[in-house]
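To start, the structure itself, in structure tokens.
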Amino acid sequence: MREDSPSSADRAAEARPEIVWERVDRRVRRALVWSLPLILLFALAILPYMASAYTVTLTFLVFFWVATAQSWNLFSGYTGYVNFGYVGLIGVGAYTTAILIGKFGAHWLLAVGAAGAVTAAFGFLIGIPFLRAHGIYFAIAMLGLAEGLRVLFSMDLMAPLTGGGAGIGFISGMSLAAKYYAMGLVALLSTAVVFLVANSRFGLQLLTIREDELAAQVMGINTTSKKLMAFTLCAFLTGLAGGLYAAYVNYLVPATMFVTAYYTLIPIVMATFGGLGTTMGPVVGAVLFTIISEAIWARFVFLHLVIFGAVLIIIILFMPQGIIPWLQDRRILPRTRWL
Amino acid sequence: MTQANHVLLRVGTIVAGYGLKEVLHGVSLHLRSREIVAVIGPNGAGKSTVLKTVMGYLKPRSGEILFDNRDITGREPHELVWLGISFVSQGRVIFPDMTVQEHLDMGAWTLPARKRAEAYEKVYNLFPRLAERKGQKAGTMSGGERQMLSLARALVIEPRLLILDEPSLGLSPKFVDQVFEKIVEINQLGVSVLMVEQNAARALQSSHRGYVLELGENRFEGPSHALLADEQVRRLYLGGRRGLAPEGCLSP
Amino acid sequence: MDRVDFLFSPYGSELTAAVASVIEELGVPTAASIVATLAPWKGKNAKWMTQFSSTAPLYLMGSVDLAIERAEAKNIAILYEDTPFPIGVADGLRARAKERGLKIAMDEKYDKALTDWSPLVSKARSLGAEFLAGGGYYPAAVGITRAAAGIGYRLKLLALVVGAADPKFVKDLGILAEGVAGSDIWLPSVKTRGFVVEGATIANEDFVRSYKEEFKRDPEYWSAAGYGAGQLLAQAVNDSLKRARKVDRNLTRDFLFNFSGETIYGDYGVVKLGQPDAGMQVRKQHFVIQWQKGKKEVVWPRELASAEPWIGWPR
Amino acid sequence: MADLLTFIEFSLRGLMVGAVYALMAMGLSLIFGVMRVVNVAHGEFLMLGGYVSFFAWSSVQLNPIASLFVAMPLLFFLGMTIQRLFIERVVGKPELSSLMLCFGLSIILLQGAQLLFTPDPRGFTWLLYPVRLLGWNFPMYMLMIFATSMAIAFALFLFLKATRWGKAIRAVSQNYEVAQACGIDARKVRMLSFGCGAAMAGAAGAFVPVQFSLSPGVGHEFILKSFAVVVVGGLGSLWGAFLAGLLLGIVESLITFYFSSHLAQLTFYATIIAVLLVRPGGLFGSAEA
């Protein structure tokens, strides 16, 4: 549990203004705050024309992890309900795109949009019963759901659409640059949504649920509908990311699409490392971990996941609030709602 | 063991709370050997928090707790049992799936094996109804029976100090009487008792001295009969009831 | 990837399937060396990647012939894991059984999370199957063999992919492995003519000899596949150099799609460019192997056999 | 008649597989009961038990029953150590902490095993011959595993029922504060229970290389099945886990035989979901939650 609520944190920051960041000259700070994001955006925008296909693909993957870490954060980071079946939502999004393009010849734009909508609808429908289960029961139920979807998608019943266990292949018709920009937009959208939620009444209500759901109910918050809204929103963004990811993979097999130890673990670690319930935490986590991952992946295939596991444990035990609030507590970063 | 006037427990200005919320702002009390001390006060006064802090379930932020002149501040609850302190928590939720005998086995945790049989014998003599139901599971017993079982469990070690948190909560009037009679009976066997009670009048009637807490601070203290007779205490904490004659009180 | 002229493909069906589209988009000539699925080629109109290895349906086809001609089995039970490669193997078994008129007593796939095969093996027995074929990966080969032994199932022939060809199989199962048939794509002992490169012929035995000198052990099939694909690509590059005096992607690609011949790995030949399944392997053969006295023997096709097939399992 | 016999045969077969599920789920339930922690890394304890048994067999030909005497103590101490170092710090914290901590442990143990033991599947053959029992052929090893599992399960029940520390475990799981007020050191009890839970998973794991196939990832299938088992049995209820383990073993075997293995797997996951949504406390267990 985070001991400092945002309001008390703000007050603490006012009382002791010796934050490292604030020692920097005011004009320099303002210039940095405006120019850095713009430079970054510009660099990312021209990347496909400047860099190698490898770099573009890697950045595409960073976008994918930003989008998924943000989406996971949006629901689980804010409500405290651990979504262990996250890969199920990615899978539904990915399959929607694959089926629409592969079986019905839809344009990728339509297919990816539909992936968001279908996954949102799916999230809404399963959210109604699933969110009745609390705490650990929700976590276990979601784990069961993801594995159940894997089996369901390989069954004969679904084979006309999903291709069963043999999988479904398709040609997305997207160039690498198109995939890159589209995923970049989804990452940006996810971050924007989390930012808006973080700074709204809705976000505060979600945090109240995380701290004490019973108290939230007593305060008159309809916790069920708030959780459902957050879950549906999370599903929508995940669906978009999953749909575009399908266009990158081009070939979906249930056995390799629904891998909990990968597609659920990684967004969780990234979001938790950056800071659950923060706006920029998942972004920091995703960028950092993709780089670490890429650096050690080639030489130590198994070690790279060991490190993910170890980081998760260290964070939970020693800085459960994540890196951004940790830096804020140490007065290195300012307490601003932009983070 | 110890002489009659010896101070067994001394709680010195403890400050304690949960999370950011401070509940006790410096509560002090003491208890002499063979005394029954009642702590009363309105809801939210921090009565139960005092007991939780004494028992070590909650660590005080400041202040000290001495038992038999030994500093026990911040000790773990299970360590206190070895010193001869027994605690009966509020609400009588004990071990629903364990039998009466198993409760006593657990109560005898700190006793050496050779002393247990004798200890069980004594407790069953004190609570004959439990002796008849050694094999019954606690979950199937009535509220009053469970309260007796809780007391029995706490008495197996023949404690020097028995701490009771709301012993009459939720019991029918018939059982309330029984419980308080039992407490006095236990006290007469030589056990000092510290209890927190919602039923202030009844608690003062069955105790030697009393403390009144309000909003986490000491408000009144003194011999129980004096508190019962005090106009202000009666108005504020005893529902203004008259006729609660101090005659029924235990002599200090 | 932007400045390469040709590629060896990654290991495994799913990885290859995933990179196939990238290869097609970038236009890099590729010989996919270890991939048994048809998915990257079937109906895909591939223009850059050819299949150097063989296809899943070919894996156990030979065992159907063996079961009919030597074991005189009247029917077959096909039992396979529900993932791309085993599905392909089962497709081959099914097609060959129909073609040869072998009755299909059971045709069932199982989920990859299955841990106990005995209900399915018992079902095959209750349906009177004499020839049990299929499988998935290593755990399935061991699991199915164990389950069959555990219920005392007597079969005329038991043929399983891929695990049954693994040397561990005989170590883990001991006597039970005796007589179990499997499929192998390449063995050090198989004779090939090999390529003529710059006047010298490098045949399979030459490859095996040099490998042994270098690494002090027998090469595994993936080493041979890699080497064979290397031979093929080297030839393609030579061809391009001969014609255009430079390494030209289009010329290299044309060679990969048009060449039909042999490398140390065995036959190579793919569906020609422009046809629906372009790039798909059509010539590479599989051998039926069988564990006999702790040794892996080739028992089918007859002309390559190193030993007579044993009929009846368990021994 | 033949149909009925087949039905009984496959029920018995399922019962034998279910015994292994029961062992594992009992450990999971024990840990949950005492410290309200869902040990997501439980499958990895099973996997480690499997490797102990495998190496005991391949190095000194120790049979799986004998290797239990190595696997169980080893897992017991490993469990106690992990509890002391990691789990103890999140007891009583929000479940997000304990769930993610265990998830991290699970990944480390899994990937560590891949580094250490390689991802190769392993197994060995032990007592693999059919024995006639009640008119059916059962593999000898299955009968032995069934009998041993039952013995271990009942040993655990006996330990909890009749020994001082066993009763302390029950006391702490039923009322942690009162147990402390009896003088019981709850931290020691939590260590002990986590050790016992891990040892149960290790015992179940010792049979994996004989009955199934052993690889570092084997825990994943079993943990999911165990979740179904404990959810049906009621988290925290040992009898519930025991009975539900056997029951789901039977159900799995029957559905695999009569329908398909896909449907059998789906049944596990659908069961988890259905039970949690209808009765969050489990079917057999008390409606605690």
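For clarity, chains are labelled A, B, C and D in written order, and residue numbers in each chain start from 1.
The definition used in the following text is that a contact is a pair of C-beta atoms (placed from the backbone, for glycine too) under 8 Å apart; a residue touches a chain by one contact, two chains touch by 3 or more.
As the structure is a computational prediction, the values presented were derived from the model and not from experiment.
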{"item": "Chain nearest the overall C-alpha centroid of the shown protein atoms", "value": "D"}
{"item": "Most heavily contacting chain pair (counted by C-beta pairs in contact)", "value": "A-D"}
{"item": "From chain A, the most remote chain by mean C-alpha position", "value": "B"}
{"item": "Where chain C and chain D are represented by their mean Cα positions, the distance between them in whole Å", "value": "38"}
{"item": "Gap in Å, rounded to a whole number, between the CA centres of chain D and chain A", "value": "33"}
{"item": "Between chain B and chain A, distance of the C-alpha-averaged centres to the nearest whole Å", "value": "52"}
{"item": "Multi-chain contact residues (two or more partners), chain A", "value": "147, 151, 154"}
{"item": "Numbers and ranges of chain D residues touching at least 2 other chains", "value": "224, 262, 265"}
{"item": "Residues of chain B whose C-beta touches two or more other chains", "value": "none"}
{"item": "Contact footprint of chain D on chain C as seen in their complex", "value": "82, 108-111, 113-116, 118-120, 122-123, 126, 137-139, 142-143, 146, 149-152, 163, 168, 172-174, 176"}
{"item": "List of chain D residues in touch with chain B within their complex", "value": "164, 167-168, 170-171, 174-175, 177-186"}
{"item": "Chain C contact footprint on chain A (complex, rising order)", "value": "52-54, 147, 151, 154, 164-167, 169, 171-172, 175-176, 249-251, 253, 255-256"}
{"item": "Residues of chain C that touch chain A when the two form their complex", "value": "1-2, 14, 17-18, 20-22, 25-26, 39-40, 44, 81-84, 87-88, 109, 111-113"}
{"item": "Chain D-touching residues of chain B, taken from the complex the two chains share", "value": "55, 57, 76-78, 81-82, 86-89, 93-98, 102, 105-107, 109-110, 150, 153-154, 157"}
